[in-house]
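Below: a set of structures, written as structure tokens.
In the two complexes below, subunit A is the common chain; its partner is subunit B in one and subunit C in the other.
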Partner chain A sequence: MTAETIIQSLASGLLMGLLYGLIAVGLALIFGLMDVVNFAHGEFLMIAMYITFFLFAFFALDPLLSMPLVAAALFVFGAVVYLLIVRFAVRAKANAGMVQIFSTFGLAIVMRGLAQYFFTPDYRSVNHSWLGGKTVSIGGIFLPQPQLFGALVAILAFVGLYFFINRTDFGRALEATREDAGAVALVGIDKNRVFALGWGLGAALVGLSGAIMATFFYIYPDVGASFALIAYITVALGGFGSVFGAFAGGIIVGLVEAATALMLPPALKSVGIYAVYLLVVFVRPRGLFGSM
Partner chain B sequence: MLSVHEVTTAYQGLVAISSVSIEVAKGEIVCVAGANGAGKSTLLKSIAGAERPRSGTVTFDGNRIDGMAQHLITARGIAYVPENRRLFPRLSVHDNLRLGSYLYRSQADREAPLDLVFKLFPRLSERLEQRAETLSGGEQQMLAIGRALMTRPRLLMLDEPSQGIMPKLVDEIFQAVKRIRDAGMTVLIVEQRMAECLEIADRAYILQTGRVLMQGRAAEIAVNPDVRKAYLGL
Partner chain C sequence: MDSFHQRRRRDLFVAFIFAGLAALAPLFVKDVYVQNIMVLTLMYAALSQSWNILSGYCGQISLGHALYFGIGAYTTALLFTKFGVLPWFGMLAGGVISALIAMGLGYPCFRLRGHYFVIATIVIAEIGLLLFHNWTWAGAALGIDIPIRGDNWLTFQFTRSKLPYFYFALALACVAWFVTWWLEDSKWGFWWRAVKDNPDAAESLGVVVFNSKMGAAAVSAFLVAIGGSFYAQFVSYIDPESVMGFQFSLLMALPAVLGGIGTLWGPVLGAVILIPLTELTRSYIGGSGRGVDLIVYGGLIVLISLARPQGLVGLFSSRKVPAQ
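Here is the complex of A and B:
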């Protein structure tokens, strides 16, 4: 193993990690806002990838162009999921935790089933996009363009999110709702509106990552599952509910995954992530940047 | 301005207030006094929309507001400071105040009440960047009232503002209530400390086990022999 291989794979790991962060941040945002884990998070990603695919297949729209559309579609989808399902699940009089888990878990199964029925289980791909299959060489290290672009989008999304949360009215309302959802009505804020927009925003961020993933990953009804698992680990690692913990958690997961792949056979490439996760859970159960 | 007509509110079948009627006129300070569990807090919650009355009506400036969502009642001009204050603990004092003016769009509308808030509670202006949770009990109460004033209410409702506060600050808060009225607002205040409350109020109601026991001018209630014996320990 040469130094070059190591740098090469850590660089790809870093890019992938930034994307993992982008996939996970919506989950962290929603959890932080209302203590609900969206078990359909992976299926949100799946839908985003299919929308990207169909826009490409029917309208020849390159994923780069369709990305804002996919994010907008997912925004609406996320808000609707809150308004039609989650809003009622959190009102459950008994066993609220279980009701929440099974409502989003049930949604995941329904979405997968519908995708299998309508889109068939066939593997699809966006087979010739502007970025797909191309690489850039930076100082002898080859970086795949889709991942590089994805990493850039992830960084921009996190910077944007930072300003959005810290500098805008809605960001402040979001923070206040996180603190005490029962108190925002005292200043005239409708918590249901904040929750719906929070779900929309979380889903829109998944939409961005779905559009990027579609350029270099196969699209099929179960595609969300493996990424969702990584997203849960990313969020738990970063600190449940911490938006910027998700960013850091994603980078760690990407780097650890790349490092494991260097040392262990490919079939074991996920072992490293889970080992790090277990370690963090033992040493610091609230996650690296969790505040509770 | 505010008219509560035969309101009954119950929690899981347990009636907390029963057929309570009160009136608050513009520019008044009205005190609702009574022992623990008399239903004082429930009365304010029923007006603010935090609890839905089982029967009866609440009218504000001629419009029915009972059954309306709480945030819409706030938007109509009723600011409610609940007993436990419900600040946003990990946000700064400044952010808590800014959230109070969330309903307003223009910068001028938003900052207009800040002057009054800092005049009433100068120590808040010294602690703007501190987290709300780091304030003392009295300062938290000031911030809760400040945040309520930022919504530019016509009616301010305070639930036990003296609770958990050192005596020196209690007086400061009651003095602030008078100045808030002088600034053109109407105040409905619920208190267990009846003496102080009656001192600043124009009119008062005494609640006992969920019903209005007595009502009248605060000065008259304060000298009523029964009240003095039962509530003021005189």
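Here is the complex of A and C:
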């Protein structure tokens, strides 16, 4: 193993990690807002990838161009899921935690079933997109364009999210609702509206990642499952409740995955991520940047 | 207190009636397909009841119990195929190994709370799955084909009839139910509920929280592993995905959640409704491979969990479901 191979795979790992961060940040945002873990998060990603695919297949719209459309569609979808399901799940007086887990998990199964029904279990891919299959060479290191672009979008999304939460009225309403939903109601902010918008925003971020993922990953009804666990680990590693933690968690997961792939056979590449998650929470039961 | 003990006596009485009726069921049901569903229903009732001890009563939600199910299945199958050890000893060994592993894992994991704990259980089971996938001696991804060495209770293999499996599954479900019934009124049962409701308050009142969790984990893992051993004998072929996959962790949790988590009858009720429904939707509308069974199944989970967060068990009972 040469130094070049190591640098090469760590660089790819870093890019992939930023993308993992982008996939996970919606989950972290929603959790931070209302302490709910969306167990259909992977399926949100799946839907985003299918939308990207169909826009490409029917309208020849490149994923780069359709990205805002996908994000917008997912925004609506996220808000609707909140209004139709999650709004009622959080009202449960008994077993609140279980109800949230299983209502969103049931939704995940329904979404997979619907995808199988309407899109068939076939594997799809977006061929010949502007980014797909191309690499850039930076100082002798070859970086795949989709991942590089994804990393850039992830960084921009995090910066954007930071300003959005701290500098806009809606961001402040989000933050205030997170701290004390009861008090917020007293000053005339509709809690449900804020939560719905929070779900929309979280889903829109998944939409961005889905559009990018579609350029280099196969699209099939179960695709979300592979990324959902990584997303939960990313969020937990960074610490539930911390949006910045998801960013850091993503980078760590990407790097650890790349490092494991160098040392262990490919079949075991996830073991590294799992082991690092366990090590981190055994030492710090609140994740790296968890606040509570 | 009196009504509590009256209720317990009534529960025991009702359980005897149900078990008796179930034992007579094969007299009327000759269809092998239906018998198969009955075996699975009883097995899931037993598994879910065992899962409920740790996750329902003690409140430590595990979505990684497939690990213990798989260890039970693998221990029995490996001891039998590699060393000719009878499944009955394999079953016991699998149970003990699982209980020990549960306590070994509990040692670091029980410091975690909430979602951190849930994710840790998923991750640990996934590590187990990956290890078995790559463990050549244990058949790796191909799994183990358990050779038929008899048609009797000694080797616990039956080629002509499903009835012996049915009666074993019934016995296992009864044992899991009885253990839960017995623990409900024991010192452990009260400790567990205290730990679930408020671990800090429980600790300050002298409950050894950590030991309570370890006890629940050991009992729960032991019983689930017995279920895994049984399953290996029942299907006579196992591979990592089919006994240790994440779906088993969920399938074990669902009956208890839908029936009523942390209740005595929840897992039984959930399994009786859910498992036949799963099997029937799979065979009648799942055959098209177009996912309609998933839509029905998932939709049902959403509806029940939203409509009856305390589980279905309350519908059949005049008394109040224990406060969660």
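The working rule: the second predicted complex is superposed on the first by the 292 of 292 C-alpha atoms of A that agree within 3 Å, B and C clash if a C-alpha of one lies under 4 Å from a C-alpha of the other, contacts with A are read in each partner's own complex, and residues count from 1 in each chain.
Methods note: a contact is a pair of C-beta atoms (placed from the backbone, for glycine too) under 8 Å apart; a residue touches a chain by one contact, two chains touch by 3 or more.
Quick caveat, the model's predicted, so the values are computed rather than measured.
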{"item": "Subunit B versus subunit C as contact partner of A:Glu175, first or second or both or neither", "value": "first"}
{"item": "Larger contact residue set on subunit A - subunit B or subunit C", "value": "C"}
{"item": "Partner chain(s) touched by A:Val76 [first = subunit B, second = subunit C, both, neither]", "value": "neither"}
{"item": "Subunit B versus subunit C as contact partner of A:Arg286, first or second or both or neither", "value": "second"}
{"item": "Subunit B versus subunit C as contact partner of A:Ala185, first or second or both or neither", "value": "first"}
{"item": "Touched partner set for A:Leu156, first subunit B, second subunit C, both or neither", "value": "neither"}
{"item": "Partner chain(s) touched by A:Ala236 [first = subunit B, second = subunit C, both, neither]", "value": "second"}
{"item": "Parts of subunit B lying in touch with subunit A, wherever the complex brings them together", "value": "49-50, 69-72, 74-75, 79-82, 86-91, 95, 98-100, 102-103, 147-148, 150-151"}
{"item": "Subunit A to subunit C touching residues, read off their complex", "value": "31, 37, 85, 88-89, 92-99, 101-103, 105-117, 120-121, 221, 229, 232-233, 236, 240, 265, 267-268, 270-271, 274-275, 277-278, 281-282, 285-287"}
{"item": "Subunit B partner contacts - residues on subunit A that touch it in the complex", "value": "169, 172-173, 175-176, 179-180, 182-191"}
{"item": "Parts of subunit C lying in touch with subunit A, wherever the complex brings them together", "value": "61, 108, 111-116, 118-120, 122-124, 126-127, 130, 133-134, 250, 254, 257-258, 261, 289-303, 305-306, 309-311, 321, 324"}
